[in-house]
Structures are given as structure tokens and as C-alpha cells.
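Labels for the chains are A, B, C, D, E and F, by order of writing; each one numbers its residues from 1.
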Amino acid sequence: MTMRRVKFGVEGLDAMLLGGLLERSICALVGTYGTGKTTFGLQFAYEGLRQGEKVIYISLEEREELLRATMAQKGWDTEAFSDRFYLLKLDPTDFNLAISSIKSELPALIKSTGASRVIIDPISLFEGLFEDASDRRREMFRLIEVMRDEDCTLALTSETDVANPDGSKYGLVEYLADTVILLRYIRSPGLTEVHLALEVVKMRRSAHSREIKPFEILQDQIMVYSEASLF
Amino acid sequence: MTMRRVKFGVEGLDAMLLGGLLERSICALVGTYGTGKTTFGLQFAYEGLRQGEKVIYISLEEREELLRATMAQKGWDTEAFSDRFYLLKLDPTDFNLAISSIKSELPALIKSTGASRVIIDPISLFEGLFEDASDRRREMFRLIEVMRDEDCTLALTSETDVANPDGSKYGLVEYLADTVILLRYIRSPGLTEVHLALEVVKMRRSAHSREIKPFEILQDQIMVYSEASLF
Amino acid sequence: MTMRRVKFGVEGLDAMLLGGLLERSICALVGTYGTGKTTFGLQFAYEGLRQGEKVIYISLEEREELLRATMAQKGWDTEAFSDRFYLLKLDPTDFNLAISSIKSELPALIKSTGASRVIIDPISLFEGLFEDASDRRREMFRLIEVMRDEDCTLALTSETDVANPDGSKYGLVEYLADTVILLRYIRSPGLTEVHLALEVVKMRRSAHSREIKPFEILQDQIMVYSEASLF
Amino acid sequence: MTMRRVKFGVEGLDAMLLGGLLERSICALVGTYGTGKTTFGLQFAYEGLRQGEKVIYISLEEREELLRATMAQKGWDTEAFSDRFYLLKLDPTDFNLAISSIKSELPALIKSTGASRVIIDPISLFEGLFEDASDRRREMFRLIEVMRDEDCTLALTSETDVANPDGSKYGLVEYLADTVILLRYIRSPGLTEVHLALEVVKMRRSAHSREIKPFEILQDQIMVYSEASLF
Amino acid sequence: MTMRRVKFGVEGLDAMLLGGLLERSICALVGTYGTGKTTFGLQFAYEGLRQGEKVIYISLEEREELLRATMAQKGWDTEAFSDRFYLLKLDPTDFNLAISSIKSELPALIKSTGASRVIIDPISLFEGLFEDASDRRREMFRLIEVMRDEDCTLALTSETDVANPDGSKYGLVEYLADTVILLRYIRSPGLTEVHLALEVVKMRRSAHSREIKPFEILQDQIMVYSEASLF
Amino acid sequence: MTMRRVKFGVEGLDAMLLGGLLERSICALVGTYGTGKTTFGLQFAYEGLRQGEKVIYISLEEREELLRATMAQKGWDTEAFSDRFYLLKLDPTDFNLAISSIKSELPALIKSTGASRVIIDPISLFEGLFEDASDRRREMFRLIEVMRDEDCTLALTSETDVANPDGSKYGLVEYLADTVILLRYIRSPGLTEVHLALEVVKMRRSAHSREIKPFEILQDQIMVYSEASLF
């Protein structure tokens, strides 16, 4: 049985995922600031647009115009896809609005638009709205449950936990997601060099690569050096 | 005196366990996300089915259809065993329902079905339902007590503790279980390589192996390389 | 002045203790799960039985029948000693019962039976009954005071503290006990090998060995390799 | 599409930023005490003045006259720019005043003066005014939102988190800012040498350098040794 | 100006102290369990007795008869000094009694007996009686103040802080005391060897040794190897 | 523009400070117990007296007579300066008195005496009087503000933070002070040697040395070995 693969459009990464994410699966992109989480999110969105898909991008961090500027910088013409690209900024300080937007309006929007890719960037800001840990866990489980009924592939970005660089800020999404991609800095001992590296730590229903591969964020693309070892 | 051994059906692992788990014992599979806890749980279930046993699998994390898809992916025909395979999804956000299901309905189900293997995946989500640490401990002790009276072998999966990669999330199951299998990532210094390794840390009433052995999760099976050292 | 020594019946360990525990002293066996705390406790009990002594074993973790099975596994005939072996299971979730059992009934039982060895396995479950740290400390001091008046040698097992692998779970028994035996895993760098090792960290009134020695839990005995260094 | 670059006037640093900060972006300068955060802030201000710009410098830590003395020490004639340099000291212990100054008066001041560079030194003292973590987060998001509407480039300095030398004291600004410059001490093993080093960890909309470069704070200038490796 | 030195009667240690503790000073002996704190306390007491001094020993941990047994073990005839040796056991669980004993009765006892050496073993159990950190600090400051008016030299033993092996359990005595002697285990990497070592970390009004020296607790004496380096 | 330098009278240290502290600046001396904080404080005081200045020394830890004894030990004749040396002991357990002494009486004393050097040893005991972290911060900011208006140079000693040996106990003075001198132990790996070392981590308005230099506290002076490297 083969399932359709949903590509990032980054050759080395798609290879590590054995062709891409599984259709209708949930992917977490976990990394500290500066590792390129938003870039991966936008790349995933853009690849969908390029493939003729409809895409919803929910940003809790950056303004719509800045995200568009970022994409324009990469030479991506988002204007051309304006009828299929739903780029929304959510105010991460408005508890009620954010929650109702994500919990009730997002499923409706997915259905009405027929979007096949949805990105929430970062999910950790949504999680942070809940001050009580058990509320947060319960709401995250429910969100994931709701999203599993939708006919789309979901990518969630998350900050890392200060105390655990291999885990997400609240330690939930890596367990809830089907696929977890960890983005990190490798600072050599003595701090002489810095590299970015990614690792597919988990991928349900797929015998994924377990390598750590260096990557770079270039002006117009993400390069994953699948042939290279880190050092 | 020899006791009957309950096999995982993974050659290298069963050898480390001197033939398998002891009948009617309790086994904890502890590991961080992506180490294959669910895969081991499903493998343990499937081996039981293969041996003609009745099996109950309680999932607090993944949907029934996704677990079946995972098994199908491995080439396992669960349909053939549908009269002996009880695959249940429990909502980990519904405190009262989850607790009554596990505490009262599970023993009844074991008795009525005559299941000889039971898997709870992950037990850490059940533990997490209790916000108070002493409630959690008390309920876990009682659950284990109840399960010890049942005529079945029990496998529990658990996330690790962020602060202690050798222990379970709440630090209880490794003490309560008869057998503890630790699953972990070995990331080489400098992060050039990643391996999965397992270790039987504890096995009551059995002079088990105390080696750390590499393993891989292949498309259709788990391979434990009992002849190999890690590096 | 020489004092009578109370042996474990494990040659290498008794040698490290200069012949055994001092009579009427209190010994703490501290180790993480899987290091053999219960095995040492049972060995200490069995050696007493072998020497014709009366022995009380209070388990807060394992059922009586399972402990007997463990002993039978080792080829130890506990039936033969049934009139001198008091093996009790205490429910670690019943605060009032556990406390009254340990605080008032245990001293009475020691007196009425004339037991010369008492084992509480693990004392950390008893300590865990007190949610308030100062209650716990006070009750532990009082228990130790009461036990010092009894004419027996006392062995207490304890889990380690997650944050301090050289200390007990609540950081009390290593200070209260006369003798502390630390059991631990030595996992080599890179996790290629695992060994068990023990160390007599403290022994009041005795110029004990301060070596770390490897040990193994074999089918029928504990072997401490006193001649060997760890690596 | 090229954007105008806002220079620090420190050759090596501007090169790492591919010419300077992006106009109207937000930059965080994160470092522990003694790494030169204020020196970088003043340098950024002075370069603006040299370029004929209007500059607002809000200090929550040092007095105006001491900051002027520091600048004079460097041979910078701030008198010459007195009509374009708004150097304000805010009392970091007066909650209401500090908040109203930053939240309402600062935007007004930017508009009325037409300042194109604004520095808040350190933002961590402002963040520290909020005792409740969710209040702090919400107010910081709102401040950033407000500042994004202003026609100026903003530099924020911040202490580091004691537990995480790669993050800011409250773990917020590195996520909110477009650019993060990390300043740190490199103490060699054995503590024989100390160096200062900087790293552009994050820069939105720009393929910035990911090198760690040594720097020194000399009497009259900051020297970033872009050609040198650290050791 | 030379001050009279109060010796421990341990050659190597007295040499590190340039002859001994300063008269009427306060010394803290800080170490984890098993490092010989009580042995040092008893040695300090016994040396006083040998010198014809009067000595008060307050134990919060061990019973009087056990301490006497320990001393007898070392071949020390405490009977011979019974008119000059005040060995008191204080119940560390009785808050009011312990505090009044130490705060009011001890000064009176010192005066009435004319004791020139006082040992409190361990002071950390006294500190632990205060649940509130500021109460504890205040009471410790006051105790030290009161003791400074007495005409005796004071030795306090203390457990270490789990999180800081170089500091005392509550982080107070090392700052309050004039002299701090740190006792510790040195476990070699790989845990092949264990040594005891001591270090005079602080000694007010004296240019003390700053070496770390190995020591052993032999049957009848403490040996500090002042000529040896550790490895 | 050159400012007058206020010397410690320790050649190597004054050289690292490019001649001494800046006049009217605030210096923090941060170190753990036994690193010589009080010795540096007294040296700073004595150098002032030698230069004919008036000096206020506020001790929250040691008694006046003991501090005088310490100085006498060093061969310093404080009697000769009795009309210019104000040595005050403050009770660190009397909240109201300590606060009013420092906040209102100290400024008055500085003015009435015309003292040009003030030492508070240690400031961490003053900070510790505030149980609430935000009270502490506010009061420390205010104290520093008040002291900046006085015509004197201020030296504050502080214990280190247990969790951060590079920071002060409460993490405030290193940010508030103009100059921070870190005193520390360097214990070689394996604990064979101990050295004291100092480092000028921060010095506002001065291109100070960034070296780590060994020092010793000799009978009559502090020696900083500016020519030597540590190992």
C-alpha cells in the first residue's frame, strides 16, 4: 500500500521523508529561534501553491505583509496565487479570539476553501495562551482530533523547550504529530563554527531516514545536503 | 522452575529477555518520541494474534484506523484476526471516562474476552490525567494491583521524563513493572549519527541481558542487532 | 573491641563490609530501578534464615507470592523456613494502615517473633506517603529511633533521587543509616556497555572498603567481583 | 528587491548583516553583563546621528549624564547633535510611569521627532516590570505591534537567561525580533583566556552570516574581526 | 601578632590550618554522607580532652551510646574524661526543645562548665527545623552572634547541598563560619576509584593552605596525606 | 578626557582596571565564600586611608573587632586612621533597622564625614532582607540611584548565585554596577590543584583588561600575578 506524499519541495528533505509527508498527516517543525521554522512553513505553503493546491497559512507571529515580503524576497510570486493562498495573521494576545479562530473557524475555512495544506506558525504561541497545563493539553488533543477529520495535511511550527533542546516548548506536539522534524544549531566546541542541521526524529507509518543532515537557508531556497555528513 | 515466556516476536529482543516476558508479568516500554514505542506495542499485539491469542490494545494517542493502517503497512493482516483483536481508542482528555474505562471496564473486558495480552499505549497519558502527584501514584498502584489479578501479560508504553532520559515521565512505571525496556536515541558527539538502541534495564525473576543493543524499525519488522555493539 | 557481624552471604560484599553489617545497625541499600535492591534485600533475608535466624520482610512493592517465586527461582526453599520467615505485603496507598503497621505493629512483631533481621523494601514508598517534607523527616527520625531500640539489624532499600544519583529519593536515609550501600549502573560513554557496581559509601564504627566493585545478579546468586576493577 | 540597510557603523558587523539591519526592522542585542550591550546600543545611535538621522535612546539602566560621558569618552561629540538626539532615562522601578512612557509616549515622540532609530536599553528591565508571565508576554507582543507601525528601526538590548545563555532573560525578544545578535564571553577550558564573540543568530528576510566572530571594545570603537576565527 | 591555635590533633590538617583553628573562631565541616564529618567532630572533641580542655558535643543525629562506642572503637578512653566531656543528644524532631536547648541552654552550659570546645553535629539538622528560609537565616545569624560572645572554639558539621557539592545544605554556614573545611569524595571518571579529600576553602585572619589533600579514616586515626597529590 | 582613578593598592588589579576604579563609580566584587571578598573590601578601604581619604565600611557579616583584628594581622595600623575610618556593623537580621541605616543614614553619614570611599560587605545580605524579588529589585535600584548622587566611590561585595558561578546571588548588582570584578576558585579537573583567579568582567567607560589572572591572599597583601597565565 503506498500513500500519496505531500512534498516540501526541498529535495534533500523530501528524500529523508521518503517522498514527503503522508497525505492528511500532521507534521511538527521544532526548533529554536533562527533555525528557519517560518522559512520551512512558507516553503511548504509555496510548494503547495506551485502544485496547484489551496493553502491556508495562519501566522501568530509575523504580519501578513512581512510574510509576503519574505516570500517576495525569495522570488516567489504570491500575487499569482492570490485566489488560492489564505494568509491570516492571528493576534496571539487575544485569548478568546485566537481560540475560536483556531478551533471553530479554521475547520470551516478548510472546508469552504478546500485547502489541502494548512500551516500554523507557531503553534507554541497558541499553546501559550493556556496558562494551565492540563487545559493546554486537553485543548491541544482536541485541536488535533478536529484537524484529523479535515482533508488536509497540517504543519505546525514550535519553539523548543529551554530545558530540552530536543523537545517542543510545551512537550506536546512531538507526541501528537505523526512526523517531527527537528531543526537545530550545531555550535562546534569552542564556538568556532555554527551549522544548521535537521533530523526527522519521528514519522509514523513510514520507515524514514534517521540521519542528521546539514542545511542552509539561501536567498531563494533551502538546501539540505543529504550527501554530506555534518563534520 | 521454568515459566512460560511471552514473546515479542522480535528475535534479538526475545533473546535479551531469555525467551520473552514472563507470563502474567508487567512490562514497561519507556522512550522519548520517535523511538518506536507504539511499534513495539503493536508488534507485541501482533505476535500474540499470530500465536492464536486474544489481544486488547488500548490507545490513548492514535486513532483506531491509523493504528490499523500502520499494521497494514507492515503487511500484517489484522482483518484475519478481527474476532480476537480488541483495538480501543480512549479519549485522553475525558478524565472520568478514561479512568472508569481503565479501572473497571478493562478488567471486565479481559475476563469476558479471555485476552492474554493487553497493551496500554501510552500509560503516561493516563497518568497525566491526575494533576495531583499523590493521586497519580495511588491510582497507578491500584491499577497495577488490579491488573496483577488478571490472567494476562501487560505491556505499558511511556514517554520519558524530560529531566531524566533513563526514567519514565512520572517516575512510577519503571518501579511498578516487572520488566523495563528502555528505548533511546544515541546521538554521537558532534551529532553526526543517530542510532536507536534498547536495553532491558530490569527484569524481575530472570537473569536478563544487561547489554545495550542497536535496533532499527524497518518497513515490515523491528530488527535488534544482538550480535552488534553500538559503535 | 570486636562486634558481631551480620552477613549478607555475598562473599565480596561481606568482605567490603569487613565481615558484614554491625549487629543492630541500620543499613540503606540505595539504587535506581533494575539495580537489584530487592534481590539484595531477599539475599539478606535468606542468609539470616540460613543462619537459623528469624526474619521479617516488609514489602511495599511486590506481592508476597511473587517474592516467594523470586526466591524459589534462586533455588531457595523458603517453605523450609516458614516458621521463621515473616513476609508481609503492605499497601503503599493506604496512608493510615501503612503508617500504623510500620510505626506500632512492626516493633511489636519484632519483639513477639524475636526476629534478628528486618527488611523494609522500599522505605522510599513509606517516605512517599508523607506529602509534607517536614512531616516526612520527623516521622523517619522517629521510626529510626524506635528501630534502634529493637534487638535486630535493619535493612532499608530506597530509590535514588532523580536529581542526585548518589543520594536516596528523599535524601534522608543515607544520613540516618549507619551503613549505606550504593547500587548503580555504569553506562560507558557512547553507551556501548552497561555494568552494575556497588560501593559502601558510609559505615559508622568501621573502617570499611571505599572501593567501587562490579557485581552481577546471576540466576542463583549475587556475585561481587572484589578482585576486579571496573574497567 | 533590495531594502535600505541601517548600519551599525561597525564594519565587520554590518558585513555579517549583509549591509546592516533592514529598515523598520526590530533588532535584539542579547548578552550577559559586560558583553557590551550598551556600547552597541550607543554605537547604533551614534551612527544614526552621524548619518544625519534623528535618534531616540531610552535607557532604563544608566543616567543620561553617564551615557553622555561614555560617548564623550569615545570621542563622540554628542553636543553637535543635540537637536537630533533624544536621550531619555526611565525609572525602571516606577511601573505605571515606565509603562505609559513606553507604550503611549514613545510612539508619540517618534512621530513628533521623526526619529528613524530608537534604542531601548535594556528591554529586559521593562519586561521585568511585569510579575505575571502572561501579562509580560501580552504587553511585549503589543509593544512590538505598536512599534511595527512606526517609521523607524528599533534596537532592544536584553540580559540573557541565567539558565540559557543563548536566550534572552524572558525568552521573548529573540522570537519577536527580526534580527538577533548574540554577544557572549568565550572562556577557554581551564579559564586561561577570555574573548568576546558575536553571532547573528537570526535575521528575517535576509540570508545573513552564520559565523561566530570575535570582537573587542576598544577605547574609541568596536572591532569585529570578520576575517579571524575564534581560536 | 600570633593567636593561639586550637588543634584537631590530625597532623596534616593542623598543618593546612597553619597550626590549627584560631581560638574562639567558628569552623564549618561540610561534606556529604560518608565523608567523615562526625569522625572529624569527635576527633576535635577528643583532642580537646587530651589537652585537658572541657568539651561539649551536641549530637542531633547519633545516640550518645553509639558515639561513645565509636570513640571506644578508636581506642579512645572517654571514661577517663567523663568529668570534662559533655556529650548530649538532642531530638531533631522537637522544634521547641531543640531551639531552646541550642539558643539558651547551650550558652549557659558553656559558661557553667567552662568548655573551650563545642561541637554541633550536624548543624544542618538544626537549620532544617526552620521551614521558612528567612526564619532560618535570622536564627542562624543570631546563634552565631551569641556563640561569638562565648569563650570557646566552635565546630559545626553540615551536609552538603544536593545541587552544589561545594556548599552546605542551606548555604549559610560557609558564609558565617571563619573557617570552612570541605570534605568530599573524588570518584574518578569511569568510577574506577574513590578517594576522600579535604580542602580548607576559607580561613579568616590566616593565610591558610589552598591545597586539596587526600585523607583516609583508619581504624584509630584520620590520616591527611599532606605530602601527596591526589592523582 | 581622563578621569581620576581610585586605586585598590593592589598593583596587578589596578593595572587591569587601567589605573583603578573611576571616581564616583560603583564596583561589585562577586565571589563565593573563601575567595577573599572581604579582604578586597578591606584593602580598598585601607588604600583610601593610606591616601588620606575618609572611608566608611559597612559590614553586615563580621564584627567590628574581628575586622580590625584582620587588618591588624596584615600589619595595618587602623588606630592611626581612627578619625577617618568609619567601621560599622549592621545587624543583617533586623529588617527595618538595616534598611533605614542603608537607605537614609548612610547618605547622611557620607555627607557629614566627607567619605570618598564606601564599602558594603556583603550587599547580598542586604538584598536577602527582601523576600519578594520585585521589592528587592526596586530597593536595589533606588539605593544605587541614591548612591550615585553621593561624592564617593562605592564597592559592594556579593556572594555568587549557586546556579550561576558567574553571577551574583540575586543577579542584580552585576547589572547595576559600573565595574564587576569576579573572584573565583579554579579547581583543576581531578581536583588536584586549587587556584584563586580574578577577572574584570565589566567596566563602563573604560577599555579594561579582559584577562583572567591568578591571585593569592598572602599574610600582608593581595598579589595579582598579571604577568602569569593560569596554567
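Basically, a contact is a pair of C-beta atoms (placed from the backbone, for glycine too) under 8 Å apart; a residue touches a chain by one contact, two chains touch by 3 or more.
To keep track of the chains, here are their UniProt names: A, B, C, D, E, F = KaiC domain-containing protein.
Computed from a prediction, not measured in an experiment: that's the story for all the values here.
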| item | value |
| --- | --- |
| Required steps from chain B to chain D (each step between touching chains, minimum) | 2 |
| Given chain C and chain D, the chains that contact each of them | none |
| Self-contact between copies chain E and chain F, residue sets same or different by half | different |
| Chain at maximum distance from chain D, centres defined as averaged CA atoms | C |
| Separation of mean Cα positions, chain E and chain A [Å, integer] | 60 |
| Where chain C and chain E are represented by their mean Cα positions, the distance between them in whole Å | 30 |
| Sites on chain F at which at least two other chains make contact | 163 |
| Chain contact topology (line, ring, star, complete or other) | ring |
| Ordered ring members, chain D first, chain F second | D, F, E, C, B, A |
| Footprint of chain C on chain E - complex, ascending | 32-34, 38, 61-63, 66, 69-70, 72-73, 91-93, 128, 131, 159, 162-163, 185, 187, 190-196, 217-219 |
| Residue ranges of chain B touching chain C (in the complex, touch as defined) | 1, 134, 137-138, 141-142, 148, 161, 163-164, 166-167, 171, 174-176, 180, 186, 188, 197, 199, 201-207, 210-212, 229-231 |
